[in-house]
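So, here's a batch of structures to check.
Look for chain A in each of the two complexes below; its partner is chain B in the first and chain C in the second.
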Partner chain A sequence: MSTPLRVVGNQNVIRPDGFDKVKGQAIFASDISLPGMLWAGVKMSPYPRARIEKIDVSAARRAGYTVITANDIPTGLRTALRWILTPEGQNVNYAGEPVAAVAAPTESQAEDALSLINVTYTPLPFTLSILDALQPTAPQLDPGSPNNILAAAGGVLAEGTAVSTQTRIVRGDINAGFAQADVIVEDQLSTPTLSHTNMESRACVAQWVNGKLTMWISNQGPHGLMRSLASTYNLSLSSTGAAGTGGSAASNVRVMGGGTGVAGMTQGDKGGLTAESIICATLALKAGVPVKYFPTRMDNSLNSSKRYPVLGYVKIGAQKSTGLLTAIHARYLTNPGAYGTSGPSGSLGDIQDAYTCPNALFEGIAVKTNLYSFAGAFRDVGETQGHFIMEGPMDQMAEKLGLDPVKFRYMNMQQITPSGPLKQQDSGQLYTGFGQPITTQKVAQLFGWDTRWKGWNNYKNQTGDVRTGIGMAIMHMNKGNMSNPMASDVTILPDGTIQSANGISEHGSGMKGVIVVIVAEILGVNAADVNLVNYGDTDFTRDAGGQGGSRAARSAGMGAAAGAAAALSNLYALAVPYINTKFNLNVKPTDLSTLGKQIFVTASPTTTVAWTDVLKGTKGVTGVGNFFVPTGAAGNFTGRTDQTAMAEVQVDMATGNIKVLNYAACFGIGRVLWAKGLENQFLGGFSGAGGGSALYESELRDPITGKYINANIHDYGLMTWLDTPDPEKMQVTWNEYVDGFQTQGGGGYAAGNLTLPSTDKVWGPYGARGIGEPSVGMVAATIANAVYNATGARLKTIPFRPETVLAAIKAAGTPPTITVPPIDATNVPPGGVNEAF
Partner chain B sequence: MLNNSNAFLASGKHTSTKTKSKSKKSEFRLPVINDVRMSRRTFIKASVATAAVAGSVTVLTSKPGLTPQSLQTAAAAGATGKMITNTSVKLHVNGKDYVVPVQPRDTLNDVLRNTIGLTGTKKPCNRAECGGCTVNIDGKNVYSCTVLAIRSGNGQSITTVEGLANGTTLHPLQSAYVKYDAMQCSFCIPGQLMSAYTFLTNNVKPGSPAPTKDAIRAAMAGNICRCGTYTHQMQAILEAAEVMRGAQPAVVMPPVA
Partner chain C sequence: MQNFQLYQAASVADAVSMLDQNVGHAKILAGGTDLLSRNKNLITYHLPQIMVDITTIPNLSYVNVDSTGAHIGPLAKISDVVNNPQIISNYNLIVQAGTQAASPQLRNMATLVGDLVQETWCWYLRYDYACWRNGGNTCFGAIGDNRYYHSIFGGRLCYATHQSDIAPALSSMDATVTITSPSGSRTATIQQLLPGITMINGTVKADSLAPNEMITDVFVPSTFAGAKANFTKIRVRPSWDFALASAAVVKSSNDARITMGGVDVQPRRFPAGEAMLKGQTVTSSLASSIGAASVAGATPLALNAFRVGLAQTAVTRAVMAVA
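Moving on to the complex of A and B:
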């Protein structure tokens, strides 16, 4: 780096909206209240599968409530490839499926109104589990998916949607590979349906005024939603809007990300055109007044997307003499629920790229059921499941080979280094990254693995009920892509005030912190000097895409950089003549630098002018920035993050209780932009969805009625204060690769529109990748391996509730029962498709 | 394991119509609710209808403009009793009095948020499972979603997150939460702050010993954070405790960066 960084990585930068949040002044969508506003309620199917014979809303309408059914939803619209409101004559396919909606003056009256709606169903046989659904006698849920194996064509799909539902990746020859192996491990593990259980439910408020729809909503991509709503309701978007994305005061759709650019947690559940947004907007259109839909906790649990269950078979082979893997066969059966389709279904969670084994067959097959709504995105889509299922057998293999588990991973992991050549995945996609070896090495040092490791016999050498042990796991993810759009604008007012306008959302993971750090670094000011204006409001911002796939820091961050660089460039354009006149010089913009709102000649730092002097008499400067990834570009823009975690656990053999004593992780993210945010994501991944999936969480269905019986927080089981280790027992570190996209004094990011050449290795703003997801997926795998080291019991299913642990202890050493059938998925393209979310 | 869906369907034990409870006069039966959700209200309504208690049932009424009769017929089958229309209550919140219209069924949470407009207090679950609605009433932390507004107007002193700061001076907890970044989405944070505030106010005074981490965990255990900010919150609460017990004058904020 030519200049040391001041703000990037600075530990003192605080959360830009932190003060609002602690004062209770941060407004969420559910806090919005408008005159005349009505409250929405949704009528749902009690049956997991049934034919809707009749929906009678007459009593509710007579009582004066606004009621909508499928007939009121814009023609043919379905989202997530399911009905928004299921019509008469169609089947409902999960308990909770919406069939009608009402708007009433209060929440309580909305409930009253729902009880006036009479729906007649003919209940039908249903199926809840993957293995049941594969039986020849199972009810066929969808003619387009024979044997309930989710097919690529037909079935309940929207027109023209290309669906990739199965995955099949072939490498080398696994038969030959297993023949070479003298050590084999074969096992079957599983994960249940898991729920985001975001504290903020999927709330939205819709208001129509003079044909313009305004929506306040917690949504991961405000501009994307704006476009979807425009197309749904046939509304025009302004072509004079920001960067051609159609957002401006002249557009007929305005999406406010959250209430005041503050939105609650999503973890992937609030992306795109959601049923709630359409129900809300349609009710508001019909009622002629604003409508708020603030789903109850149960409604939210029933109708949000889920982390899909996986039943995974793994067989791995290795040679004792070399310690190297010779073959991997993984067949993951996934349960996408009633309406899950592309993306999550069939995904292997990127396990295929974790190890360098020359012979492999990876199969991901989705099997439709009536278990729940639909598989969707949940932080670490597939990686949590995929790595839990793979890392247990890998740990077993290490033991059989007589190798320290860390050493075994070193010998078999992908050996990428950031300065090395691009590698090619089975799908043909090129990638680069920071490398598993570095992350493993760093966390091993941080955790003190070498001194703590007491060997595979650790559990045998302990007596008494309370045992301790350590374990580790690696995780690879094809995430953190840099993807279009990436735009923002930055304005510098004549008094030196800096305003940064960004169209992406903020859900707590720290996008705002990332943005102010980047803009401040480029403009030579403090993060606290950067004001975020109109955050996430489509009328006043440019599209920087959505939060998801851990792309935001890298992509929207580049957008923020583009805007700041553009503003600085415009400022320098004014400064040059000013300086040349004042000092009788002949400088060019490239001769200038800025710090503390002063511009100086780099080679002669005492030649300085203030921003306010340069801007005097003007209206200020605005810079509009766009970065573009060339379409079809591969490799450099693909994300790949590699991380490793280690844990020490204490297990009570009599009660099955697990206590995590120490947890450490290293993330290959290249650069820490906002330090407090990075640490927060690491801790949150453990104390939120990661630890929760490991220790407590599981959605339960009653096998007789198909009803979701723990659709609440208490019975579902989230991590609490009592599960939190002391702060000093939680340790995080990361890879820094300092040679990324360089800035030169004056903001080396080119102003205006820039298409990044695909031959450059472009890491991200200052070399950063995203950490939104990586912190979650490793926790279960790591804890499972530590529990083995403490007890000799292999955990084959999550969560590790006490009864599960006790059963595993009892079953320790018994060979696994393999029930995953040798099915051959239909409609799978040869060579497979690696599904990057 | 194949489910017994066919047996269930054949048994005829399901119904597809709205809630009806058939009962003899004095016999109490658990209501059969076939809707996918059972809310507190639905359960109470059906139980009351079943028990057929006369004269003391509050029938949920409508806003003016909608016919009370149609709602009564539909919503409270079999119930008798006088209708209670909107009443009012005087709530003392953050040192101010608010005289507000309420219905007897309104929770304090709903009145704070929707009537008074103090939306700092959140509503994540509405069933006493998460603590996101926590307020302080007369020195105790209380789930406002399970307290009726009409029972909160008897001179109680209610404090919400909006009442923590003293004018423009933040409470040490608030400063500490910003310093340690003890939040992410922050939907749970008002409730967390109120529980922490209650604990520290009741247990930490000038000269007190520092609270232990386990004591903090126990005090805060009724507040869930899905973002997993507990560790940073722990650090923040420990520093706020130092200020409140006089061991340091104020939360030392980091230099501007």
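Moving on to the complex of A and C:
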């Protein structure tokens, strides 16, 4: 029998770092100032493609500034896969590509130093778009990628990044499927380049003392970065410091990546060994004093990874008599930029399992261009693009079949419910979602879909400039595993004070809230009783994985749980003889429970002792916790978050302005850990990346020069709070479904190192799943489908700015122009097909 | 950032004298919301070596309303003006325009006068392309991505629009400005102040101020005090964006004014529309006719034709709103 949860899911738990942030007391990397510290600046190419004939840094060096070029970058990173600083004789491949860096006493002097560097370029022809880059006459960016189709595998910048250059997922026979269909929808949609535009740029400060590198940095994974920097600069890790199995105080790299060291914020551009960290550390090494790099808004935009653009072709077939899909063909061409190494799998990998259609082909290639730096994570790794391109045509199909779009989705989605059997997915993994049918039912109820849906003719029944409509979309998101083990330390001091040491960062997503909730639940105290110490500091914490892939709540959460359980185990070891002596009993640790810093005998709750009595005369207890996903069971432990969203929009037919009146979503969240944090993720996911990128955001380049024209917040189109729907009109619900840990008795986590029975369907602390990326991915598709219901116009490209909406209204009803070429033997990249990801 | 000397002026005479002694090298610093960031980002050709700070001059932040009209001082912030109860009740067109200009934070810092003589927000200028305003001889907007920031009514040299929201409102209210130089003062209408693209002392810009002149007063006559007025602005984000098109319409019992904003290199008075509106009862068909006439002769560039329709809609809606 499980104990009711006291802290997990409790609405009253507040953000542990909230007051510091609101009062301006939180310390960010850009706030760090050290004696003798220099400012860094980066010299960037103004050309999208050019040969560097000469980089003359002599004047800057004569003026006494520290200058680095390609030769100063550690050799392991000096590859054409991505130069950190591009050397003479090589080509720059996007406007903004760094070629040199300086360090100077002040920010202003760093600008002066940059102006003293003279770079001679020979401008070369360039391409910005996928279709242009595929032309036989297009400039060839990379000899290793013939026809500009990405072939290179591997990646230097992101630790553990999976790379696939072509995706081809086949099930059944689409030709047979289309032959069975009596309704066909065929369309082409596209998405733009997005820039993370975090309020905090990718700031860092590097300091070398006696051969040890210390870095204060806004980074998603302090321990991963610590290991990458050690490898880059050939520095030793301590014998016990590897992979989080022990502390790393003896390591010659210390990273303070979020929390006690520094706070931060990210949407995905701060993972792994970033160029900023290398430039900053290399400058500091050369200068012999600390160096701060606080990129300007423009530097931060241009040298960041990006959400990659996709040009997608979709053809789907269905039978009118049954309403069932018979074939899906999706062909996505992605633009990984000049140096991106990721292919279309991020966009195709998750949509493949959204619908049960028996015949399907999901295929894609990545086409290199000079548009931007490199493709990366942006509040997901391509799922938003993938679902936007698929969910529009699915909506069209529902209309052609004459079905309510909810009903059409419901009939064709994975019919898995929590109590149902595990099902082998087409991707080979076990389906561990929480049931799209349930998230769809729940959000439909919350939103009131059945009473608000006025049919496909809704737009035809409206007159005047302002029209309203509703729409919906589903999303099926698979977020991967963490590397074993996930660890933390929890200490209970003699006065009962609790200290939890965690090696993850806090980037606004609420990890601190999640951790205090879990530790407090296990130790039977209130969330406010848990003190986070040395947060994100690799010298004093263990590795529980980074923030990314919507998995931190699971990985760092399990690490925190393991630490708390270990501390409790050690406390009970002291309590058993104390209780047995005091009460003349013969209890075992498993007979004990704790609440309110009192330990009691579970079967006799009045037999109780205080923590402070048990700990009297000791130095307290420390629990070292490690959580391991069972060997061979990793396939069971991916974190799928199914979700469904609905929106009501108002569209001004004359201006193209869209107003989102109401937005509702349901997530198969598994378990709500920190309730305010979850709501915050939902609201922030809409305004920060989902709604903002649907309605306003996109990076633009001048078509003639290939140079940037909107690398600032205003022109890029960041959404502000004034543009978001009334928070009262934002509705979120979730589907909690838990087994596994909760059934283990006691507070869920008994004691000691945690392992999972391999039969568990869910994993994550108390069964929780990720919400960070899922909160974003459906927004554009949902709004686009609602706009169709209001206007009869299909939005086929993001963002939905007035010119796009007005063009769509004008084009309503006309057949699509298909320009996406087939993928065949002529453009399959060397290295072949990568189907496993 | 370009280094500069800060000169804290004691009086208007002191300020214009400083401008006069440093022609081409000195600029007035008031709200500083754009000048300082341009200076920091090194994005215009003629960055001043001397900033003549006029915030040290006493008594310039007034908003005075009497029976003859409203006087607005050169240091009055946009928020000072739009929150003034008498401006709200009698000169509401200015309030409607002012509350849609920039963002709340900017309105608290920026002066109304600075809004009139603002540097254009063309993204080519802002990214240091060698355009006409930046020491070069190309308008990149005319040939490149001109969807938002360039004229739909043609241009000369520079095609960037004049983006003020307040200037069209003042234009429709028949406002005038007093311009002071060491040799005295002159008065100019909004059209005279903002005649389109000028080249003065080698600088391409949108206003007619000489290098040694500063605006020392804005006067809004009571001609249209309390008249029906509407400012309609169409933009991308409702919170914070320049006008894709705007219209400032005011209508008294026997007169009317229409000025279009964000579509031309200057606030575009529309006298033909005013004649159609004057003395008439507003109907939707009249509003539509005036809207259609407002874009007659438009010559959009490659990517901004959608704004012809937006301009028409802005005028139509603003006229309807004064019915």
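Miscellaneous remarks
Simple rule for what comes next: the second predicted complex is superposed on the first by the 757 of 837 C-alpha atoms of A that agree within 3 Å, B and C clash if a C-alpha of one lies under 4 Å from a C-alpha of the other, contacts with A are read in each partner's own complex, and residues count from 1 in each chain.
As a working rule, a contact is a pair of C-beta atoms (placed from the backbone, for glycine too) under 8 Å apart; a residue touches a chain by one contact, two chains touch by 3 or more.
Every value quoted in this text rests on a predicted model; they were computed, and no experiment measured them.
Contacts of A:Ile704 after superposition on the shared chain: both chain B and chain C are touched. By the touch criterion defined above, A:Asp726 lies against chain B but remains apart from chain C after alignment on the C-alpha atoms of chain A. In the superposition on chain A, contact of A:Asn712 is made with both chain B and chain C. Of the two partner chains, chain C is the only one that A:Asn657 touches; chain B does not reach it.
Contact with neither chain B nor chain C is seen for A:Leu571 once the two complexes are overlaid on the shared chain. Of the two partner chains placed by superposition, only chain C is touched by A:Glu803; chain B is not. When the two structures are aligned on the shared chain, A:Tyr696 is found in touch with chain C, with no touch to chain B. Once the two complexes are overlaid on the shared chain, A:Ser108 sits against chain B and chain C alike. In the superposed model, B is the one of chain B and chain C that contacts more residues of chain A. In the superposed model, A:Met44 makes contact with chain B only, not with chain C. Shared interface residues of chain A, touching chain B in one complex and chain C in the other, are 107-108, 111, 703-705, 707, 712, 714, 719-723. Those residues of chain A lying in contact with chain C across their complex are 107-108, 111, 654-657, 696, 700, 702-705, 707-712, 714-715, 717, 719-723, 801-803, 806-807.
Looking at the complex, you find that chain A touches chain B at residues 7, 10-15, 18-19, 21-28, 30-31, 33, 44-48, 59, 62-64, 95-96, 105-109, 111-112, 114-116, 118-121, 123, 125-129, 132, 135, 196-201, 262-265, 294, 296-299, 302, 507-510, 526-528, 676-677, 679-680, 683-691, 703-707, 712-714, 718-727, 730. Residues 1-9, 14, 16-19, 34-37, 39, 41-42, 60, 62-63, 65-67, 70-71, 74-75, 103, 105, 110, 113-114, 117-127, 129-130, 132, 160-162, 164-165, 170, 173-174, 177-179, 181, 183-190, 193, 213, 216-218, 220-221, 223-232, 234-235, 253-257 of chain B are the ones touching chain A in the complex. In the complex of the two chains, the chain C residues touching chain A come out as 1, 3, 42, 103, 121, 123-124, 126-127, 129, 140, 143-145, 147, 234, 236-241, 244, 303, 306, 309-310, 313.
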